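Some structures are shown below for you to check.
The following pair of complexes shares a single chain, chain A, combined with chain B in the former and chain C in the latter.
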Partner chain A sequence: MELQKFNYDNKLSRLFLFATVFWGLIGMLVGLTIAFELIFPHLSSGISWLSYGRIRPLHTNAVIFAFVGNGMFTGIYYSTPRLLKTSMYSELLGKIHFWGWQLIIVAAAITLPLGITVSKEYAELEWPIDIAIALVWVVFGLNLIMTMVKRRVQHIYVAIWFYIATFVTVAVLHIVNSINIPVSLFKSYPVYAGIQDALVQWWYGHNAVAFFLTTPYLGLMYYFVPKAANRPIYSYKLSIIHFWALIFLYIWAGPHHLLYSALPDWAQALGVVFSIMLIAPSWGGMINGLLTLRGAWDKVRESPVLKMFVVGITAYGMSTFEGPMLSLKSVNALSHFTDWTIAHVHIGALGWNGMITFGMIYWLVPRLFDTKLFSVKLANAHFWLATTGMLFFAVPLYFAGFTQSLMWKEFTAEGYLKYPNFIETVVQILPMYYLRAFGGTLYITGVIIMMVNVLKTVKSGKFVEKEEDQAPALQIHGEDKGHRFIESKPILFTILSLVAILIGGIVEFVPMFMVKNNVPTISSVQPYTPLELEGRDIYIREGCYTCHSQMIRPFRSEVERYGDYTKAGETVYDHPFQFGSKRTGPDLAREGVKTGPIYKPDSWHYNHFMDPQKMVAQSIMPPYPWIIKNSLNTGSTAKKIKVMQTLGVPYPEGYADKAVEDLKKQAAGIAQGLRDGGIDVADDKEVIALIAYIQRLGTDIHKK
Partner chain B sequence: MKIVTKTLEGIADIQIFPIIGLIIFFIMFVALLFFVSRLTKNQIDEFSHLPLDDESDLSNEKIDSFNK
Partner chain C sequence: MTTDKQPIQHKDADYEIDTLTNDRLLKDHEYDGIRELDNELPSWWKWLFIVTIVFAIVYVVRLWVFHADDLVQKKEFDKEMVDAKASSAAKQTEVFELKILTDEVSLASGQETWTKICSVCHLLDGGGLVGPNMTDKYWIHGNKIEDLFRIMETGVIEKGMISYKDQLSQKQRLQVASYVLVKLQGTTPATPKAPQGDLYE
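Let's turn to the complex of A and B:
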């Protein structure tokens, strides 16, 4: 058989690798900044674009899409051509992909601190950036699939299946969750509302974890672990089952983010059952990865690459065991809204994604630059800093999570909440926040050491732009049946993966949107007034949802603390929903209920926004002086009402024209009330709108 | 919200989609286990060695020797 010669182009892997290191450092530094902001609330010193609520989304987006995203592309552009024995389909598409992705990251890094956000976690970016993401993603997928088409091997190795599943699923998730109606270039409302928006969002959010942070990295594991250990994967049969089981099951589990919420019970149960089933394929993958090192454990001692892979895969096993446990309703009742979740995701991000990325980088850089690693000692130091950093980060937060949750739930013998004041539970766990920041510092120190090591290695070597290889042309054998047949047809394979991931979504979404009983109507629930709507948009802009939930679960401890539990019918005009996922501060779902346990007058809120510590001495909330100072922009109020009408919010016909007038009337009333109390404030300030919104929260069902 | 419900209602017989989905789900798993069980040892060996048999692997030893 004649051998054909071809080249592997290393330029894209190099670009993505540098981007991974760079954005990784940035994303983690932003993370460290917000960790410190939680300890020193005045750190942002009244600068809006440095405030916690605005840059927390920047941290999550940077780590997920910039660090892990570029990390996965580094590995994909390196391994795909080598596994398929061909060059990539198009270098140009690869370049468009690279530069397009970096531009999107830059756009995110600018818009998020400016408060331009949809407020759906890990999908905060506004619609023009969403469209750019979709386009760049298609460029990536096209390049990947066409490379499969022109391959020289018959069998497509399992790593590439994971890449394909990543491409297909992320495309579907991104598009479905980002369907918004624009108000302007920088503002849009999702078509879904309230509990339905929450279901779509957490279907997305959960599967972003599955198909952005997990499947591509499993693909990398299936390639780089055998490479680094120089032995084949432990069980290839297991990898086939692992793949299909994982992508079939993952997609159903989203509702476990909404346990005890207003989501119908059947949907919650579905989420729990599939989460438990997920242990099987997840651990199948972990075992497959770890056992690949059977007989090679002596190498693990010497090689920092293998060490990192072992800790990474172990962290994957731990967090995929913890995930299903957290989705048990009884555990979730305790863990949800606490720092436990933060600890859990960081075992995944710092352990699994971080360690696999670092291991891959230490393995790749010497090969790309045809030299040896500058210092194995420094790499080992990085390994220890990363491992201890991760533990110092996560372990204190586990304690913080249990402690705070138990305090929230504790009653006295007389039947009163033992800690009725939320701040008591915050003060109790502050030492843990210090330790978390310490852990983060260790971890970042490791990354900086890696940067030095990589730069030194790069300098000592010479970049290998192209590597030559040879293989016979592809010959399709006639006798292929069954799974081999599917594997040999890349397009068919892609379509089947798509079907696999669509099923779970359809089973959850169709009944949720079609069956009226799932969201019982409450007649007293009315659309927001224009002023409240504007106030709500400020709430969204400032990322209040990053610290305050709006979802009172049906527990005695929560009803006692916050008021009546949240009902699905109360959220029908909430485009987007604002349930939140973390209570760094108290829940706000019934903040406006005058007879409720947490009601505060307008003047309290005004002073609290200006200087939270003046009202609650130990508060860790940052001040919001710009909301006090800025005038409310009513330029798009009418348009916002119109968009809401398009979405089915029942404002009267032609109300948009009267909206600003109504807004001013309501604002004047609130401002006058404040002035009567001795606060010098004009009618047109943003704070008035925000107060209007907050005083509206949860009041509808109390109307007679 | 109405906007989504209305769109979905426009899809003919959409109520049956979840049921079809469940059926595919189960068939797929049974078929998968069946196919995997029929793979031969040779095939498995061939597939699992795919990452390891490229030319650039020569440099593996080189780099390992560097690191010693």
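Let's turn to the complex of A and C:
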């Protein structure tokens, strides 16, 4: 057979690798900043674009899409051509992908601190950036699929299966969850509302973890672990079963983010059982990773690359067991809204994604630059800093989550909440926040050491721009049966993956949107007034949802603390929903209910926004002086009402024209009340709108 | 590229054997030097998967067909509330004489409640902020222990004072009212709020 010569282009891998290291450091430094902001609430010094609520989304987006994203592309562009014995389909598409992706990251880094956000977690970016993401993603997918088409090996390897699943699923998730109607260039409202929006969002959010943080990294594991250990994959059969089971089951599990909420029981149950059924498929990946190292454990002791892989895969095994446990209602009753979740995701991010990325980088850099790693000792130091950093991060937060949750739920013998004031439960766990920041510092120190090591290695070598290889042209033999058959048909494989990941979403969404009694109507629930709507947009802009939930769960402890539990019908005008996922501060779903247990007067809120510690001495909430100072922009109020009407919110015909007038009237009333209490404030300040919104929260069902 | 090892051919001609583990390598499975073994699924893994699937089936059948009490959210909640009512009957039945408490233990408990709850609006030293100054001799709703006790029960919602009858027991309310009258009255706070209400001598 005649051998054909071709090249592997290393330029793209190199670019993505440097981007991984750079954005990784940035994303983690932002994370460290918000960890310190929780300890020192005045750290942001009244600067809006440094405040926790605005940069927490920057941290999550940067780590997920910039660090892990670039990491996955580094490995995909390195391994795909080698596994398919061909060069990538198009260098140009690769370049467009790289620079497009970096531009998107820069756009995120600018817009999120400015408060330009949709507020749906890990999907915060506004619609123009969403469109850019979709386009760049298609460029990536096209390049991947066309490379498979022009391959020289008959069958596609398991790593590529995972890349395919990543491409198709992320495309579907991103598009479906980002369908928004624009108000302006930087503002849009999701077409879904309330509990339905929440279901779509957590279908997306959970599967962003599954198909952005997990499947591509399993693909990387299937390439780099056997390469680095020079060992065969433990079980091909296991690869098949765990791949298909994983992608089919994962997509169903989103509702476990909404256990004990206004989501109907049947949907919650799907979230529970599909999460439990995911244990084995997830562990299939762990087994295939770890058992591939059988016979090579002596190498693991010496090689920092393999050590990192082992810890990474072990962290994967731990968090994919913990995840299903957190999806059991009894465990979730304790864990949800606490730091337990934060600890859980960081075992995944710091352990699995971090360690696999670092191991891959230490393996790749010497090969890309045809040299030896500058210092194995420094790499080992990085390994230990990362491992201990992860433990110092996670263990205190597990303790914090557990402690705080038990305090929230504790009653005295007489039947009163033992800790009725939320702040007591915060003060109790503050020492754990110090330890977490310490753990984060260790972890980042490790990354900085890696940067030095990588730079020194790069300097000592010479970049290998292209690597030559040769292989005979593709010849399909007809005798393939079973799974071998679809491995030789990449387009069919892609379609089958798409079908596998569509089923779960369809089964959950169709009844939720079509069957009316899933969201029972409550007649007293009315649309927000224009002022409240503007206030709500400030709430969204400031990322209040990053610390305050708006979902009172059906527990005695929550009903006593916050008021009646949240009903699905109360959320029907919430584009987007604001349930939140973490209670660093108390739930606000019934903040406005005057007869409720947490009501505060307007003047309290005013003082609290200006200086939270004045009202609650030990509060860890930052001050919001700019909301007090800024005048409310009512330029797009009418447009907002119109967009809401398009979305089915029943404002009267032509109300948009009257909206600003109504807004001013309501604002004047609130401002007058504040002035009567001795607070010097003008009618047109943003804080008035925010107070209007806060005082509306949860009140509709109490109206007669 | 990096395949450096020639596996030994065994008697079984269809397979090569991995020398380090004695497992069979799959023929024709080589990707950039990566080989795959023909190992079966670990049986404990298969069983784990089966058990979770059985769990799933049992779970949804219990909920969707039998509407099990521990799985239907509304039933669970109602039961929790009924149980709570039964176990904390004391909340309704405790009876106290409305008299200022002067013992240090009660006053210390009163101070604890003040710090946890009341200080949010009246400040730690009682100087007042959103709520009125509790250290001076001016009172909006009266200065007797009954008055303070009553306001904590009913609240003054138009001013932002909520009812604490579901959050504080009668005993706790009595203690904190006593703390105000015995300990806070007559002290000098750092930033006293201007007098509100009528002067009571």
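We adopt the following convention: the second predicted complex is superposed on the first by the 704 of 704 C-alpha atoms of A that agree within 3 Å, B and C clash if a C-alpha of one lies under 4 Å from a C-alpha of the other, contacts with A are read in each partner's own complex, and residues count from 1 in each chain.
In this text, a residue touches a chain if its C-beta (ideal position, glycine included) is under 8 Å from a C-beta of that chain, and two chains touch if they have at least 3 such contacts.
Keep in mind that what you see is a predicted model, and the values were worked out from it rather than measured.
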Fit or clash - chain C, chain B, common chain A: clash
First (chain B), second (chain C), both or neither touched by A:K237: both
Partner chain(s) touched by A:K227 [first = chain B, second = chain C, both, neither]: both
First, second, both or neither for A:V510, with chain B first and chain C second: first
Residue contacts on chain A - larger count, chain B or chain C: C
Which superposed partner A:G635 touches (first chain B, second chain C, both, neither): neither
First (chain B), second (chain C), both or neither touched by A:V616: second
First, second, both or neither for A:L647, with chain B first and chain C second: first
First (chain B), second (chain C), both or neither touched by A:L83: both
Which superposed partner A:E560 touches (first chain B, second chain C, both, neither): second
Location of chain B clashes with chain C - one stretch out of 8-16, 26-34 or 44-52: 44-52
Where chain A meets both chain C and chain B, residue numbers: 79, 82-83, 85, 153, 155, 157, 159, 223, 226-227, 230-233, 236-237, 241, 245, 469
Interface residues, chain A side, partner chain B - complex: 8, 79, 82-83, 85, 153, 155, 157-159, 191-194, 196, 222-223, 226-227, 230-233, 236-237, 240-241, 244-245, 248, 302-303, 366-367, 370-373, 376, 467-470, 482-484, 499-500, 502-504, 506-507, 510-511, 513-514, 572, 575, 646-648
Residues on chain C engaged by chain A in the complex (per definition of touch): 1-2, 4-5, 18, 20-21, 25-26, 29, 31-42, 45, 48-49, 52-53, 55-56, 59-60, 63-64, 71-74, 76-77, 80-81, 84, 87-88, 90-91, 94, 116-117, 119-121, 124, 129-130, 157, 159-160, 162-163, 166-169, 171-172
Chain A to chain C touching residues, read off their complex: 79, 82-83, 85, 153, 155, 157, 159, 223, 226-227, 230-239, 241, 245, 260, 265-266, 268-270, 272-274, 276-277, 279-281, 283-284, 287, 294-296, 329, 411-417, 419-421, 424, 469, 554-556, 559-560, 565, 594-604, 607, 614-617
Chain A-touching residues of chain B, taken from the complex the two chains share: 1-5, 8-9, 14-15, 17-18, 21-22, 24-25, 28-29, 32-36, 38-39, 43-52, 54-56, 59-60, 63, 66-67
